[in-house]
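What follows is a pair of complexes built around chain A, which joins chain B in one and chain C in the other.
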Partner chain A sequence: MKPKGKRKRRDFVRGAAAVLVGGVAVSSLRSCSPKLVWQIDPEKCTQCGRCATHCVLAPSAVKCFHSYSICGYCDLCGGYLRPDAKKRNTGAENQLCPTAAITRTFIENPYYQYKIDEDLCIGCGICVEGCDVFGNGSMYLQVKHDLCVNCNECAIAHACPSDAFKRVPASEPYLLKSDREKRIS
Partner chain B sequence: MRGFFMTAKAQRRKVFRWSGLRVFASLRSILLLLLFVFPARAEFRFPMPEFATGYEHPAVHTPGPSNAMVGWDIVVLIATLTLAAIFVLKRRKRREIFLLTLFSLIYFGFWRNGCVCSVGSIQNIMAGICDPAYGVPLAVLVFFAAPLLFALLFGRVFCAAVCPLGAIQEAVAIRPVKVPPVVEKVLSILPYIYLGLAMLSVSMGAGFIICQYDPFVGFFRMGASFSMLIFGGLMLVLGIFVARPYCRFLCPYGVLLNWCSKLSRHHATITPADCIQCELCTDSCPYNAINEPTPDQSPETRSKGAWRLGRLILLVPLMILLGVGVGSLLKEPLSRMHPTVRLAERIAGEDLGRYAETNIESEAFRASDTPNEELYAEAVELKTGFARGGKWLGAFIGLVIGCKLIAVSILRKRTDYEPDRGTCFSCGRCFKYCPVKE
Partner chain C sequence: MNDIRKNWTWFILIMALILGVGIYLGQSRRTELGKSFDYSLDEYRQVDPSLIHYTEVEPLVPTLGKISALAVAPDGKIYVGGEDAVQVFPDGGTFPVDGIPTCMAVDDDGTMFVGMQDHVEIRSKNWEKTVWPSPGGKAYLTSIVVDDEYVYVADAGNRRVWRYDKAGGKPLEIGRKDSANGVRGFNIPSPFFDVDLGPDGSLWAVNPGYHALENYRPDGMPISSWEKSSFMIEGFSGCCNPSHFALMPDGSFVTAEKGLPRVKIHNVDGSLRCVVAAPDQFDEGVVGLDVAVDDEGRIYVLDPNRNQVRIFEEKE
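Right, the complex of A and B next:
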């Protein structure tokens, strides 16, 4: 059995350590803002292709989003067709997407709808670049939050060359291009 | 996979440029027309169509983040910690502790993909202290504080059966050999260096290196970069013979647990009753965490020991100064932890013609129209920050080495075989070696 004085000192140090741990925890909680999640700023994204390769998930939690409301519904779609496509049809040899994740549907002359199959999309951003170069830029990359595991530090954010990843409040987890005017105002 | 994308992308660029000319000729007239007709909507090349068939735009599918599991994580953490404390202190059965370890490996590791984990949570806490705008989620806070508070009460029961990183190493430790105590003591400085580096990295905004270099999370998620899988694989192979190499010689959270466990209220004991000095337990511990009784006769005179202690205490400030010196010398390599510094050096190197090609980072920077001077100014500011941080890091490591020297030179009186409260993982291996039963 330890002498009483020693016991007391030990208890005191232990109490002090507990207060320290609690204090450190609370002082970091002071900054506790609403829950944050990762998202891509489509204005900054340069479609480098790292979203497809650097996510801790395979396939990546980053998917191509399509804002139909700003889409031109072009027949000659830069996001769907390879630049050297011989014909404007759904032939595999004409498609830009490496996983054929985009479906082209005829709506009315001369408009076509382009729909992205999220199960097939790997988030490589090849169509995004095509749509940016030739079209309205209605296709863009976003983190899909039902897939994202919200890592401590997003591995893609660390690898992103254009600083396009940022944390946004979980209540508004998407930076949709079709909402941009609303966001700015 | 990555190589394929790079080459595919390079080819694509070429094709765009080549066919761009052809398409450009046909599009130019349309574009010019558009610019005149819709000057306000110049950012959209094509007008949004008005459909005659009554077609409506499909909605964009925007599922919200799911955080249903977070509450469960906290509940499971507290429950496993409590169970571990009961198994270690009351029931004293290695088998039960090991089963709980396997449960934690499956739940926190393979089911929850090793995130959120206590080891990484120190970085969030540090980030929360440094940057008031950074939000620390409640779950991370609990994962940081609960194991430390349990260590203050019951020792490192978190390491014993809750931590998934410890669990995967515990599961592969089949043929543990004893590491010589000298090697063990020297290598035990590494976690302090790792902790200091991680804190420096977080406080300078250079990223969470503990998460980036987590050797086992790749196995939990069934995917990681090649080099990290090799590192993790080597750690597991090493872990067959040197039990828990990550926990003992790298884990930065272990440093905090070590401190808290030294003060623990109730710590696991090797024997349930009185020690009979049979020495059987010394073979059981693969972690060098069992302290032998001190000899009755002190090996040296009291005054000799006191002089040595005095010299070592005087050595501590010298070690701190030495650390500060080494830290300030390491300013340049340390500052390269930060991506902005790396980018600035790359851009400067490219401008000087040191590199034949550009890389993705420099291309993205040059496309952003930020002036080079702004980047350089930011890098210089970061470097001064790293110079200051490097000195603090050096001072910290100097202090740690000084204190470790003092700790090894002090002989504490012990009459029995006891677990070392700081380094004992409470794994329970020694329990069944002890012939004393209650």
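Right, the complex of A and C next:
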């Protein structure tokens, strides 16, 4: 005859194990279906700034992407320079990005290359707005999947005012701007 | 039994705690972005009303969709190119084309030169079609002008102006970088590259990457230029402006911009004469405001957003 206390503990352990095993089984079944991840549709994004403030990660998993084949390599880059910039140079007072996440490199007169420093980019989208208004729209926001923890209910998607967040297959996790549409030079 | 209940209670409480912490972390917000994250052009959209010397009159409303090309013919008729057709005002009818014209010009005898993105189609008065071969490469034709001898075609893709004879044939290349002769080359970040003819018959071309207007002889040698970079009303802003321009009968320039959509008149030396239309007269984000001028100084602005040709006349 086993002691009553031991049996009760065993019953509890069995019950709890059943719940956990059941949970693992359900999640295993779900993993058999195609995995989806969150991504931003660049055509819908309005650069509201919520990607920078609403991600569960700090800094946000949303970063600026730059399509070099669309970029005009302009000296007067709307994504790099403030509208009221006194000079077209790398002076902090002239830069649009508040975190200085864009580097400007001289290529040849009058062309400059603009690179995004992902460690500094917080996904605020201010450069995207400047590039959209005056440039070719070569800068745009995307969720970086080596950073994103792929929450079931994405906090940014919940706050996005333009419904730009969508689920896409993990096998094709980025919504990159089509070079063919915009590229002419 | 009490022990089982107690164990289950603890189990549920711990799970609820984990869930609660998860939800809290998931919903926690950082503070809103500060002022340095605001992007506003409001300051530059404001225009001193005393600078606006033109008033808008009743527009032309084409029956075509996706209007994209505008030309004023020597006889004063207005040609508007759009989806699969060209419409002529007033009451000139509608003529079919295959696609959407990107630019147009009309000769003295009514012959029409239509840019169809990568090649030029010539339409006689009887609407017979002749097709000139594409300049090749990444040709993207954005503007055409025609004088007594030549047809000048602006090609944003190849960053050149091609000078054709009226019969077509191999074109002369204008705009190749030539430091010895002072040609710096065209810097065209986006497909906005306009040309027009001055009162003296010389060619004017916009060099949008430099915010410049440049004057060339028919053989491609540079004559003069002026440029003005500024977000203020006196200059041109962004990476590629003015997006379109036309020459007034007195040689001054009517310019249209994208980004900050505004239409202005600059004197021959580039100084600002007046404003035709301020940014608040256009929809935000409109691009492709092609402009044309008739002999009486009326200014026509193709507004793709409203699918209208808007007309501005000088205030009395």
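The rule is simple: the second predicted complex is superposed on the first by the 144 of 185 C-alpha atoms of A that agree within 3 Å, B and C clash if a C-alpha of one lies under 4 Å from a C-alpha of the other, contacts with A are read in each partner's own complex, and residues count from 1 in each chain.
One rule holds in what follows: contacts are C-beta pairs under 8 Å (C-beta built on N, C-alpha and C of every residue); 3 or more make two chains touch, one makes a residue touch a chain.
All figures in this text were calculated on a predicted structure; none of them were measured in a lab.
Contacts of A:151 after superposition on the shared chain: both chain B and chain C are touched.
By the touch criterion defined above, A:118 lies against chain B but remains apart from chain C after alignment on the C-alpha atoms of chain A. In the superposed model, A:8 lies in contact with chain C only, and not with chain B. Counting the residues of chain A that each partner touches, chain B and chain C differ, and the larger count belongs to B.
When the two complexes are overlaid on their common chain A, residue A:92 makes contact with neither chain B nor chain C. In the superposition on chain A, contact is made by A:77 with chain C only, not with chain B. Contact with both chain B and chain C is seen for A:52 once the two complexes are overlaid on the shared chain. Look at A:35: by the touch rule set out above, it reaches chain B but stays clear of chain C. Within chain A, the residues touched by chain B in the first complex and by chain C in the second are 49, 52-53, 56, 58, 72-74, 83-84, 98, 124, 126, 129-130, 133-136, 151, 153, 155.
Of all residues in chain A, those touching chain B in their complex are 10, 13-14, 17-18, 21-22, 24-25, 27-37, 44, 46, 48-50, 52-53, 56-58, 65-74, 82-84, 98, 107-108, 111, 113, 115, 118, 124, 126, 129-130, 133-137, 144-146, 148-153, 155, 158, 161-162, 167, 170, 173-174, 176, 178. In the complex of the two chains, the chain B residues touching chain A come out as 1-2, 5-6, 8-9, 12, 15-16, 18-20, 23, 44-49, 51-53, 55, 57-58, 60-67, 113, 115-116, 120-121, 123-129, 131-138, 140-141, 144-145, 148-149, 152, 207-208, 211-212, 217, 221-224, 259-260, 263-265, 339, 360-361, 363-365, 367-368. Of all residues in chain A, only 5, 8-9, 11-12, 15-16, 47, 49, 52-54, 56, 58, 72-78, 83-84, 96, 98, 110, 124, 126, 129-130, 133-136, 151, 153, 155, 184-185 touch chain C in the complex they form. By the touch criterion given at the top, residues 1, 3-4, 7-8, 11, 25-34, 36-37, 39, 41, 43-44, 138, 140, 156-157, 159, 187-191, 209-211, 229, 231, 237-240, 258-259, 285 of chain C touch chain A in their complex.
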